[in-house]
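In the two assemblies presented below, chain A is common to both, partnered first by chain B and then by chain C.
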Partner chain A sequence: MLTKKQSLYSVVGKKVNRVDAYEKIVGGARYVDDLAFEDMLFAKMVCSTIPSGRIKKIDKSRALKLKGVAGVFTAEDITGLNKIGCVVDDQPLLAKDAVRFAGEPFAVVAAETREIAEEAAGLVDIEYEPLEPVLTVDDSFSEKIKVHPKGNVVCHYKVRKGDNIDEAFGKSFKVYEKTFTINYQEHLYLETQGCVALPENEGITVYGSFQCPFYVQGAVSTALGLPLAKVRILQCVVGGGFGGKEDVPSEYAAKAALLAYVLKKPVKLILDRAQDLMVSSKRHPMKMEYKVGVTKKGKINALKVRVLADSGAYTTLSTVVLFRSSVHFGGPYVIPNVSGDIIGLYTNRVPCGAYRGFGTPQVIYAMESMINIICNDLGLDPFEFRKANALKKGAASITSHKIKESCGLIETIDKARKESEYDRRKKEFDKWNADKSKRTLKGLGVSSIFYGMNLGAKGWFYDKAGSHIQICRDGSVTLCVGNVEMGQGAKTVLAQIASEALGCEIGAINFTNVDTGIVPDSGPTVASRTTVMSGNALLDAANKLRKKLVAAAAESLKIKPNQVMAKLGKYYNIKDSHQFVSFKDLAGKCYLDNVGLSEMGYYVSPKVEYDLQSGQGEPYYVYSYATAVSEVEIDKKTGELRVNKMTCAHDIGRVINPMLASAQVEGGVAQGVGYAIMENMVSEKGHIKTLGLSTYVIPTTKDCPEVKSVFVEDKSKDGPYGAKGLGEPSLMPVVASVVNAVSNAAGHQFEHVPVLPERVWEVLSEKNSSEDESEVK
Partner chain B sequence: MPNRNFTAENLKLKDSIDICFKLNSREVNIKVPCTYTLLDILRYELKHTGTKEGCGMGECGACTVIMDGGIVNACLVLSTAVSGRDIWTIEGVSAKEDAKPIIDAFVAKTATQCGFCTPGMVMASYYLLSKYKDPTDEQIQEGLSGNLCRCTGYAKIIEAVKAAARELNGAKKEARDA
Partner chain C sequence: MLRNFKVLTPASLNEALYVINNIEQPFRFLAGGTDVLVRLKDNPAYAQALVDISKIGELAKIEEHKSTFVIGSGVRHEALLAYGPFIENYNGLIEAVAAIGSPQIRTLATVGGNIGNASPAGDSIGPLMAFDAEVELRSQDSNRIVKLEDFFTGPGKTVLKHNEIITKIILPKSDALKSGWKRLGQRRAVAISKVSVTLALGFVKHSNGSDRIADVRIALGAVAPTVIRARKAEKFLLENQTLTKAVIKEACGLVAREARPITDIRSNTEYRSEMCGVLLGDLIEKLACAR
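Here is the complex of A and B:
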């Protein structure tokens, strides 16, 4: 039942169509590669072909002789600083003395056509002294070979809670131990990385496909040696990001900007798919050692974890990604004794960074697999076990964060069980699997998650957002925020929030793409933070405007301001809704009365306190929660597997747009299913071999399960209208729940992701032959 | 009649060739480097940027266009094979009356997110619905399986195709009844 307050909302919570849909559907939306400028040059990066080596000589002469080549730039041509690291200064914009991964750029060429640029890139000669590369986390950890002089440890996060962990295990009823490994995942946004840089106003303007225009602004400023105010970043329509366009685009934008700035011509740099797959960041592969102790009553009493994460050749975002791993490795559970070590390690492989979930899907897979093992071993119900250990209001997480509000975890567990019809399906599947004549085995798997909202303790100084709202005299509204639309539906959800707060119709709103010249630095478009951060920043501006509009309406209607209500384009008398003035007329009146209807908004994420030494405190201000149930089917003869259905229950606080929320869940499921059972990035001796979409295989229409999404709305006091984030939680429980389902079908807990048919076939064959043997005996 | 200009002389690298074809019902005469693909011609020469390049290797379907009544990946059609063809792109198809139900359904069902695959997806859907009036789930899945989408998980795209089919059938029925 709706409360009185909820029923007042006329746009928030409604199924509003995407405001950007039509242009995208008819091909009119302008992505960066759709832009062309007069005299534009085309750039191409020249990349290392070995994983580790000292650079002896780079020779540009052959490339420069080619007709149509405008420039070949190496480290020595950089006008500012040769550094690109977003958090730690360990990465050059262009490799100078050494290359540390196969694919590391050491030169960039600009030419009149793409074809000439391509050809010229092949003519830039480099001489290396090859060095033995570090290719595994174990080798890196041993530090026999150092990737960087300072050593191989990028970061080491510790969580220490409760008693001495070994003593705690001594008190456990039963202790379980297992090591898991997980491979890369590639974002595979359909639009590859790219940008166009233009020399303008003694500075530079860069258009591009970015998640974080303000990161790009900083990187370009550093590389060119220009003040930030001379660097303007304009966001194009983004063809998918998923974390892959967080820090990485800065690398390309800085190169293109450098060429444009020196050559005084527009420069376009678009990566082709193979190069994008080779050089851009990935999800961290991890080796995860888990040890879990449970009491006789089915409570987790001790957890010891060591994670070795492959950060690749440079830090990029590893220090923040792995901070998140360190908060989430124990799942959304109450565990009194915890010892966790999350260690990021340099290797001579591609740098790993942000990817939807940000260091959590890996550890969730390991933790939830442990729970599956425990439930199967002790004959416990997977939902009841999770509920018995679940976080709830008043309880504390593994970092001793006492949950004060907005915690719908237990409701998601109950809803997932009910909506998936788990109990009925379980009986059906048991019967199916007992029938030896069936060609397939079926399984169910469960997983629960929590996800800390916004950037948290490790990134609080970035955790701000600005907005700008301008109401034109005809009642049309221009919005600009600092977080980007990359497909997730930000423009629509934020337009709904603004429309609700301003009392205008959503059709009146016109969304401007991010322009660093208009809005203040709003941090990155990551961490599922856009609805909360930009939403609150818009509310801040909208509330200022609403006050002015209410005053004007009170004057027009000859009533007191507190008697004015507004919705859907009308400001009306609360006692008599027929007595109203339209939003349009109000805007016109304010114009003539010289009342300015342009406001900036600003919002800062709630401050949190956290101790990095002990890993204890409040890492994030609030969490989203989810529980997923998967149904899978595996072919006994071939090991082929498919996910037939997924039921996902999410607590994301207020759902601003139910249609977009379910779309987000479906997309997260597809990406998670790919990660769990299909996407296998093959890297041999430091060289990625899967450089196309026929070798790095992502789900098609034929591979995606039926998705049922349900929502729990445990509102967050700090969210706009009580909202929390969903972008990443939509993917996070998927891998664990799918792998648990496959494991339950096969009767074997799979210890490596992706779970490929070959491995399933191997496991089933081994089981068959051992069963055959026992029959013979 | 494929590859009309496919001669040894024309294939010298970087040579330009004259091609003549129909694009969205209009005749196009243009000189292009023979190493260009149909996708390059559309995007870079003719500024028809609705057709997207996602991989350039025929693997993602973002550049799906209709050629002589069938769907193809424009990135796999070499310039030398373009002459004499009847090509339809998203710019032409989206202006056609019988594509309107598809576009409306894609909007109403929120069948687009980042949108990069969407023009190709619309082209594949348009072709699918021209082939099957009332496609089954399997036919839709098969028909769109050459078009990769990384955002949506396809569910809402499939819903949109079904809704468009219903609309198209309803509209045809109304026309018949009238």
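Here is the complex of A and C:
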């Protein structure tokens, strides 16, 4: 019998090792570039070298003459439709009349070797009439030059809450205003984009590195003019995605599929790093104008925000990404009067799209910077201020979403303060900084976030997931879901959920990679939704199977079904644990009794109601919450920065696997630290200059802080075992808390991210010289 | 395009000299390959042939002579780091080489390659130049010794002739010098220097018991088309002899003005210049205290 102290669960909540660790460690995992097929051709995209221009002529003849070239395809060779846009139809698969960013593909070649393909790509000639490019959001907003005939506004989200905003500011005790800017961030997955397309059964099969095989299926079907059922997508082991492989791989898969389909040979298309950096989507750069009013009691009473986001030359996922910005720009706070305008704008730069956090780390950085300014100015405690304004059950967000359940924000604030030993550290740092002989300045920074789970109001129609579970007669179990393992640990967490629900041992489970021929469209592996969506879909299938197994066990043990308990490969008599039948024997029995042990599962995200005109309603069904505290140290003379420690407290509902959850937080911290103080994508006149790993610099382990992660488990009624998501929240508070810490150390709120040593040094030198002057006076 | 690409693998230095005397295509040496292969991948026109010298044992030795150490051009960074006399007396060199890339890179990459690549950011170059190192350049029928300071003519450019190879680096013994090296990069490892400074200082005891500067060498990396010596700052320190606060400040200012950095994707002119002064100040402090 279970004692009260024991956990109810035997697999869920446990530190289970990653089920895919072994194959990765021994080098057995097969990534797409490891695949080879007979007669396989290699493809290479030919890309625009100018940011904007009309195409006058494309000449393939020189490339076609090269020995070993199998084909050179341009827009006119597309058998289906020349469109790739995932939500808005504004992007061609291959540029036909115009190029809109430097790097836009207008042709794709296939050849017998990678080298020949490279050479042939250089022999495809194009004649342009160059046009003046639109390179800034301000220029785009002015609409002097139109990137697309319909105008430059990709989307404009409004949030209007409460009184007339200007009147509201009139009632504020103090009003703060500041404009922030933030640069691109590149995903920099270790494995670049790639796929292999095979003509098969009058249709096409595509292997690749994807976050959403179903988007790829749709794009290939459109480009080839084939029914979906003739397009099969098989997921390979993925070397990182971070949002960069959500919709973007469709562009490459459709090209490879087109070549394979017409040339009737397997075609492999793998991007090299430089091309990947040049053409694939990035995190949106933004210009963010913030105005915040606070009352005498330290409550935020008014917030006015205007964000201009650089969407680049095509929409890709901008409309959904920026929808998220519009929900999250006010942070996890209760603010009675709000006016927000989030405007996505076309420019002649690389398209921006999905990236871990989906348009929120930028606005969180701006909002949390404002709070830092306010606390410093009014001498308020950063935790108390946040708590006083925090969302809690019964309170409503800036979109007037009344929070009904699973809201552990205040606990994360308390935990972050305690676990970071903030108060002791603050005293130590103040003393350190007062000592002028010290070479460095130290600072602490805080940031809190909330994050809507799943696809929300803007993507509810995609928000479903399927699963398939098959129990073989020897008790081994095959699982297939529609969301992908891309390094985040999905297979392990989902196997834990299935194992708990089926009462089988985790070792009995074999997880297959996504196959669109087996599971129904399950939407993308994004929005921190996989544990919840695929987890619930698996539970649906597992519960059906469990019923059958329980009935069989009851029969074997000669007890009633409600007296059966299942756990770790055994079905017990609840009253006598010595009386049991093994999972294996049950599977064998069912097989002989002709009881089918194969089930489909399906789950749909809870429906939400939202009014896009006013930006009011329930944008998401539930939120994850987090608070992070950073400790940084800056060199007074060089401006060099070091993030020494981060303490992150996350409310993610039930923690299915504490080890993986901590690892997720560590990964988010590393990526966030890079974004905050290091990663600097330089572009000049519409050309990205940092096209390699030695110029687009991300942190090494030596640059990463010590990470302490703690969890608050305010369970969500709709999550599997009460779980919510963590994939994106792990990164989201990082930039803001690091920048706040740097700002507090330097005594200057940094208005641009990344905060580089050059800028810190400049700020500190200005301060020094003004201090020197005042000494003279 | 690698189709007509040639890789030649001479087994000895003599064979290598013969090969480069007779080869027709524009070629590069392959020592550790950590620069040449990266460049070749980015730009196939970088070379049409590689002469693989990585297995020529006679280039991979460090020898001690009466007044010099002779470092074979094929000595790997990790081997240099393990060489006792350098650990004892050439701290600046050790610090610089230990910062190159990562263990993987240092295990493959060579000192000759770092010099041959002629990047103004090449990290071993500063300390070697500060120690007045020379390089031996050999061809089939000539043999000349060039001061490292005179070897570079611009980024990626040197006085090396098409049929010459760097065989050795000759490092004068300088037991009396204390040295140090510091740099700023975009991150803490596997980073290309934005600025690097080498300082070597020699002191003598003055009759009044105080320490006087008898010898100063300063080299600056990544702040000019080649690694350079900061002659004005050196001269100033030598003339002033004692390291007062004012003298240090002045020297740091001088060094910042001697730098001629550019603004590029890694940093900017003003910062790089100023940092030469800051790093020099740090090194002076460190070496003056370490005595």
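Everything below uses one rule, namely that the second predicted complex is superposed on the first by the 771 of 777 C-alpha atoms of A that agree within 3 Å, B and C clash if a C-alpha of one lies under 4 Å from a C-alpha of the other, contacts with A are read in each partner's own complex, and residues count from 1 in each chain.
As a working rule, contacts are C-beta pairs under 8 Å (C-beta built on N, C-alpha and C of every residue); 3 or more make two chains touch, one makes a residue touch a chain.
What you see is a predicted model, and the numbers here were worked out from it, not measured in a lab.
Residue contacts after overlaying the shared chain place A:Thr700 against chain B and chain C alike.
In the superposed model, A:Glu115 lies in contact with both chain B and chain C. Touch criterion met: A:Glu640 reaches chain C, while chain B stays clear of it. By the touch criterion stated above, A:Met678 is placed in contact with chain C alone, chain B being left untouched.
Look at A:Leu190: by the touch rule set out above, it reaches chain B but stays clear of chain C. Of the two partner chains placed around the shared chain by superposition, neither chain B nor chain C is touched by A:Lys418. For chain A, the partner with contacts to more residues, out of chain B and chain C, is B. By the touch criterion stated above, A:Lys158 is placed in contact with neither chain B nor chain C. Across the two superposed structures, the residue set of chain A contacted by chain B and also by chain C is 115, 692, 694, 698-700, 702. Chain B contributes residues 14, 33, 35, 43, 47, 49-57, 59-60, 62, 89-91, 94, 103, 106-108, 110-119, 122, 140-142, 144-158 to its touches with chain A in the complex.
In the complex of the two chains, the chain A residues touching chain B come out as 17-18, 20-31, 33-34, 36, 115, 187-192, 237-242, 272-273, 486-489, 659-660, 663, 666-671, 692-694, 698-702, 704, 706-707.
The part of chain A that touches chain C in the complex is made up of residues 115, 118-119, 274, 637-640, 678, 680, 682, 689-690, 692, 694-695, 697-700, 702-703, 757-758, 761-762. Listing the residues of chain C that touch chain A in their complex gives 1-3, 42, 184, 186-192, 265-268, 271, 274-275, 278-279, 281-282.
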